[in-house]
Amino acid sequence: MSDATGLFDGVLAAGGVRDLTDDTAWVRAMLDFEAALAAAEAEHGLVDPADAAAVADAAADPSSYDAAALGRAAAGTGNPAGPLVRELTDRAGAAGRIVHLGATSQDVVDTAAMLVAHRALEVLLIDLRVCGDLLADLAERHAGTVQVGRTLLQHALPTTFGVVAASWLSGVDAASDRLVRVRADRLAVQFGGAVGTLASLGERGPAVLTSLAALLGLREAAPWHTERTRVAELAAALGGACGAVATVARDVVLLAQTEVAEVREEGPEGTGGSSTMPHKRNPVAAVAAVASAQQAPGLVATLFAAMAQEHQRAAGSWHAEWVPLRSLLRATGSAAHWLRASLERLRVDEDAMRANVGLTGGLLLAERVTTALAPAAGRLAAHDAVTACCRRVAEGRGELADLLAADPLVGAHLDRSAVAALLDPAGYVGSAAEFTARAVAAHRGRTSR
Amino acid sequence: MSDATGLFDGVLAAGGVRDLTDDTAWVRAMLDFEAALAAAEAEHGLVDPADAAAVADAAADPSSYDAAALGRAAAGTGNPAGPLVRELTDRAGAAGRIVHLGATSQDVVDTAAMLVAHRALEVLLIDLRVCGDLLADLAERHAGTVQVGRTLLQHALPTTFGVVAASWLSGVDAASDRLVRVRADRLAVQFGGAVGTLASLGERGPAVLTSLAALLGLREAAPWHTERTRVAELAAALGGACGAVATVARDVVLLAQTEVAEVREEGPEGTGGSSTMPHKRNPVAAVAAVASAQQAPGLVATLFAAMAQEHQRAAGSWHAEWVPLRSLLRATGSAAHWLRASLERLRVDEDAMRANVGLTGGLLLAERVTTALAPAAGRLAAHDAVTACCRRVAEGRGELADLLAADPLVGAHLDRSAVAALLDPAGYVGSAAEFTARAVAAHRGRTSR
Amino acid sequence: MSDATGLFDGVLAAGGVRDLTDDTAWVRAMLDFEAALAAAEAEHGLVDPADAAAVADAAADPSSYDAAALGRAAAGTGNPAGPLVRELTDRAGAAGRIVHLGATSQDVVDTAAMLVAHRALEVLLIDLRVCGDLLADLAERHAGTVQVGRTLLQHALPTTFGVVAASWLSGVDAASDRLVRVRADRLAVQFGGAVGTLASLGERGPAVLTSLAALLGLREAAPWHTERTRVAELAAALGGACGAVATVARDVVLLAQTEVAEVREEGPEGTGGSSTMPHKRNPVAAVAAVASAQQAPGLVATLFAAMAQEHQRAAGSWHAEWVPLRSLLRATGSAAHWLRASLERLRVDEDAMRANVGLTGGLLLAERVTTALAPAAGRLAAHDAVTACCRRVAEGRGELADLLAADPLVGAHLDRSAVAALLDPAGYVGSAAEFTARAVAAHRGRTSR
Amino acid sequence: MSDATGLFDGVLAAGGVRDLTDDTAWVRAMLDFEAALAAAEAEHGLVDPADAAAVADAAADPSSYDAAALGRAAAGTGNPAGPLVRELTDRAGAAGRIVHLGATSQDVVDTAAMLVAHRALEVLLIDLRVCGDLLADLAERHAGTVQVGRTLLQHALPTTFGVVAASWLSGVDAASDRLVRVRADRLAVQFGGAVGTLASLGERGPAVLTSLAALLGLREAAPWHTERTRVAELAAALGGACGAVATVARDVVLLAQTEVAEVREEGPEGTGGSSTMPHKRNPVAAVAAVASAQQAPGLVATLFAAMAQEHQRAAGSWHAEWVPLRSLLRATGSAAHWLRASLERLRVDEDAMRANVGLTGGLLLAERVTTALAPAAGRLAAHDAVTACCRRVAEGRGELADLLAADPLVGAHLDRSAVAALLDPAGYVGSAAEFTARAVAAHRGRTSR
């Protein structure tokens, strides 16, 4: 029995992370803690290995535990570990006496949170990596595709779609890198007993801790019951991934506007199209990525605000982490899933890109003509002459190349073909190819490691 | 089938709001919209009343709809209304052709959100009202119970537990009032069609809108697809309630500290006590109230950040509201539920309050002696004399009353009984009783309306 | 001496609110509290009226106080009221002994915060009202200007620019209304003494409180030192205003895109234009409005998170309010100022709106043809026929009206002129005019009150 | 001229970061960018070295620029770089023509933000390091000081103040480490020109970029105008530091409560004490640290929410970063400054710690007696016997050691001295010393690097 909600999950909790963070996944992780604890204690002679094996058996089938019932029972003690431990103890029979030895509820829940995050990040990182691969392909394929560069949503200067995709790629890769590091370095086992001293284990606490971490595949750390930098770093890395995803997805939505139409999503039948509005091509996946990612900043704030935890166990701020952490994992997973879908569905219309570059009749490159003219004609005179021509274009009184070539000052220094060359957007994209190649190379190098 | 998650709900989504905001509740509300729409359209001659009745029949049993399946299908179109409308259309048979006439998906989901909030607020407000009643009782009962007033968690001057409870009451009542107003004035039907013009209804759009609002018990309003002040006001009112609850709950936790012990929760068997730590009296309900309330600020921020919605339907910011709004309703419901539980369990230890007032050996009232002495002895001299006596008390060299009476300057103006009267904390609680009475009267007047 | 920072204020703290919330404004408000307190205490016989007058004199010139020095001294005691009171006491000479009588630092700072907000809101509300007036004018003027309605940034159905502006207006008016109510009902004097009992005033506390509130033009309220619903409601109303402003400003930015070009800002020389990029028309004011408004959600969250204040004065959460409250007032003031500027600069290009409506060659209205055809031809057949024509338009094989009229099924039921009428976007804007008129009327009625 | 505000800065923007982030510091950083750009371009033959030197001269005195005037002028163009460049160009005389060559406003402001952060972090990290040193000293000195461990603010089991301080240390060190890494790896120069292609530099863009980064001491990176993971990681690291600081500071406030009194701050004359309330020992520094740190989560959320920046320059989300980034640097600087002050002032009362351990009359260790008894007496019988004794202690009917020794079951297995040994809290702190030593060693190793 898991939290089979779903009404909004198709949009806001899409992808594999959802199931890896559901109630069953948490119960599984809590049981994994108890089984590994028993094994670690057996290893160090604190309990009988046969008992530890019996505990492992009793903990082997998470789906046989009733998460909803555990949740209801949690109302009594304030967290779900107590009821789970009772249930496991019952199931373990005689071995029940060794269940949870030396541990406290927070040890169970915190370690479970780390395990759940560790497992969820695995699939989340795959989605992000595929996003990166798709973006690297886009960047390479369109390294020479001229696109209008837009600042404040206004046409500014030419760029290439390749370097635009490369910038998206850099963001997604940076966010992935951070998640990889947090996953490897900061997801640690929690084991300290009631007040973080492991008092009931006598001298053997640290040794059990080491074994426990190894068994669970988490980092070893001194008890961090109220030292929550790990949770904050995880939250921040997730929030950063949402931001990187949202950057790409928002741009896709903008580029897919009816008036812009440089990209569109071609999803499976029934996605994005509208039978009653046949002209509509909703970029459903990008929209869902934006919406999923938008959950993050508030959840990150909640987790940061919960860092100041009192004494040896907080009176509320600890409990306050569970739901936002789960929500944040799901939102990020959903954002990554949808960005991947959007990129898989993406169709690039190079003609539309070319047409949009030309929309302002060459005005995009007026600055370049001024610059070329300035050394010979003087900066101010060059500027005035070019501006005058531009104004005439804006008034519909001719083509820029013609007007410039016909202008006395401009014409004195640049002939028609020189003007045309200066107005060629493909000739004014600077280091776009270089920056594109760097981002792609970094990505390829990174994923081949 | 509803979202039967539960592992954390016992703590963080306790109370009646949870079920009133689950998937079934949302499906119910969406179906209510469709049925009411058909009825309103029948009323104005747009559809056949028999068809409207058939739609109402097909919409009558929300639990027969598979919310999880609807959610999965929502991935295709970007929201769950489309799949629900399809299903309803199928079920309505021949009447299916009139289902959803003139409406758009956002009409369904937004109206459902308002209905869900309207219904959830009903039980939430009951919990808050009971909290208010309990606080009013506490305030009255303890109007004369002297307690130490604490600033920056340090003893400052005497107050009464009555006026402390009255201040808690004021906060809870202010938050309730705001929720009541938002519920009555701002929860409005959404009905505008694809772009908010109700184009397909011709002239009859406004009339249908009026009837629809009346049928659903919501306010009438022009389409507000991207005008989200309603959602923000609802979010803020919920966030304010969480803040008011957290204020009380946090104080309960602080007053219940082992060293302070002025209050404790006596919950049902198995709550808060610890069989292995018999001295522990965990204020579980107050802790859960704090934890629940702590979810709110981040969720409020998410909903405020989602306000800037594009054109006639937002590309992400609209979808981004669904989950945080649900989470915020549940967190607030849980906070109110747990505060009610905490107050129902609350035991006040007047002896401990008295003992704590005396903890500093009368130093609390030193300022009062200075003030009394100043007119006759001069402010500075009075201050110096009293401070010297206080220092001796702090050094354990006597009782303050004795030292003051024995002091040449003090003794010249105040005899032993005058000193004792000045040091009586009960005599220095100013307008505490008046402020208490006002808050209680305001509450009684409010709830008797 | 005020906080003459400015590097970012031209963009992010524009308008009149900035100076009304600077250090001098805060010092003024703190001094106003002290002067009014002395006057109120004189009125009730607690102090000599001549002393009260002397205090008022000493408090009359806020700019003669060194705010930076007060700020430095605040580091010692934890808030700026202590140093200010000392300075005022010194300046008041013999009357110094009555300064601050019965008050505590938080009384000064909280009342000052309320006064500062009260004064800042006055100018902020003027800016919002002018925004409303400009939007009402726009809505009226363009009640008949057909514009394409956009959902998910895709063309959907026709609407009017009038009703778009009316929706913007509704948001701004709703936000204004809320601010007006909070200003009138919730900005209250703070006066309670060290622990909220007004102990040192004996019986006369409540009477002084009443007079003090009247003198300062704030609401009377029992001490609310740790009952912060007032601050939260103020924060939420400001955040709501930012959201309403951002909605309009973001739409302006989108409509001003080079490819859309339906509106543009024509600001004073040097704003928004680019001499080197003559085609650029940056909507600078709208961008600054968006940027200013975007500060709000995080600040609102900070103020909501600070609500849970301990006992009779909080150990941090109170102090944590000062800066975000000031920042939020400024951000909202800046957002309102910039939206006003944007609307004053706004030029609407009706031709561009018309051209964009036609961009999809009539496909916008395909749904309408289907609907018209359905009763006679059957829904499915109608749909298939219209869709087939649409596809041909998309493939560039003709005009929609021609193709439809030539279609056997369509042509059997609708002649060329009937088709043309159905494809006329101006004929398919439903209740846009009615909704426009309602919003404008509500605004006019509201501001004429 | 800098932003000499101050009224709240003594409390909320204390320490060295404030001045390093003021307007002059930003102007300095912007000028440093322009000077370094000219130098880098001279290095690669794009401009005359003499001109570059003239620009460096004109940029050498930031305080001679009027930041407030620049800020006012920024209202026209939307950011302060434009006005600064104009002013610098004027001052550079003939060399003015090479100022800002190939750069865009965002290059200036973003690089300045990175420089400002780089410089501010230097002093911030010193404060955090001193905090770490003080905590390491505390941890070592009190490795054997038994203190009561508290969970949910209730006495739980014994711990040591040493390991408590060690946990605080771990949090502060983890936060420092993260800031160090972000500072070294992620603070990068921004240089891309209008749309990130460096078009006007032809082939030489990347070479200039490399030199520019080297000259400024920042990382080299491809243009990241709308790829904001750097800003987000910086924000998160700052927010994490605030959380780590707040954890310690809040515990100090709690331990300093009148009823607990295990620590107190002894600040300079005039801090924290109250002449009128001589018993008060306000932990002013810890309170200010809490208040400063509390600003962070909302600001972090604002910066994360601003990540989704449009195309090649965002229409608002970029501008929206400036103020929260500055505020966040200051808040974190202030939090670190105040924690350092608090720890420098901290006085530990070991007697009070001991007394508090004994407050529950040995009940703290009841669990240990049960555990010791269980193997011989059976778990349930042991539990019942011990619980019965505990209840009698709670009822004031004797000392726990006596009651246990006198209990037939307990007495049968444990004699009086065995009971006493089990009840000795110093004997039940498990691995506290080990965990303390590890944290201290990690800190020493870290800072000796």
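The letters A, B, C and D name the chains in turn, as written, and every chain counts its residues from 1.
The rule is simple: a contact is a pair of C-beta atoms (placed from the backbone, for glycine too) under 8 Å apart; a residue touches a chain by one contact, two chains touch by 3 or more.
On a predicted model such as this, the values are computed, not experimentally measured, just so you know.
Novice: Just to confirm, which listed pair, A-D, B-D or C-D, duplicates the contacts seen in B-C for more than half of them?
Specialist: A-D
Novice: Between A-D and A-C, which chain pair is linked by more C-beta pairs in contact?
Specialist: A-D
Novice: Report, in whole Å, the distance between the mean C-alpha point of chain A and the mean C-alpha point of chain C.
Specialist: Each chain reduced to its C-alpha mean, chain A and chain C end up 32 Å apart.
Novice: Distance between chain A and chain D based on Cα centroids, please, to the nearest Å.
Specialist: Centre-to-centre distance between chain A and chain D: 25 Å.
Novice: Indicate the residues of chain B shared as contacts by at least two other chains.
Specialist: Residues 78, 150-153, 156-157, 194, 249-250, 253-254, 277, 282-284, 287, 290, 294, 297-298, 300-302, 305, 315 of chain B touch two or more partner chains.
Novice: Okay, in this complex, where on chain C does chain D touch?
Specialist: These residues of chain C touch chain D: 1-14, 22-23, 26-27, 67-80, 194, 249-250, 253, 267-268, 270-272, 277, 282-284, 286-292, 294-295, 297-302, 305-306, 315-320, 322-324, 326-327.
Novice: In the complex of these two chains, what residues of chain A are touching chain D?
Specialist: So the residues of chain A touching chain D come out as 78, 97, 104, 149-153, 156-160, 163-164, 166-168, 170-171, 174-175, 178, 193-203, 205-206, 222-230, 232-233, 236-237, 239-240, 242-244, 246-247, 249-251, 254, 290, 293-294, 296-298, 300-302, 304-305, 307-315, 368, 371, 379, 428-432, 434-435, 438-439.
Novice: What residues on chain B touch chain D, complex-wise?
Specialist: Touching chain D from chain B are residues 148, 150-157, 253-254, 256-260, 275-284, 287, 297-298, 301, 305, 356, 359-360, 363-364, 366-367, 370, 383, 387, 390-391, 394.
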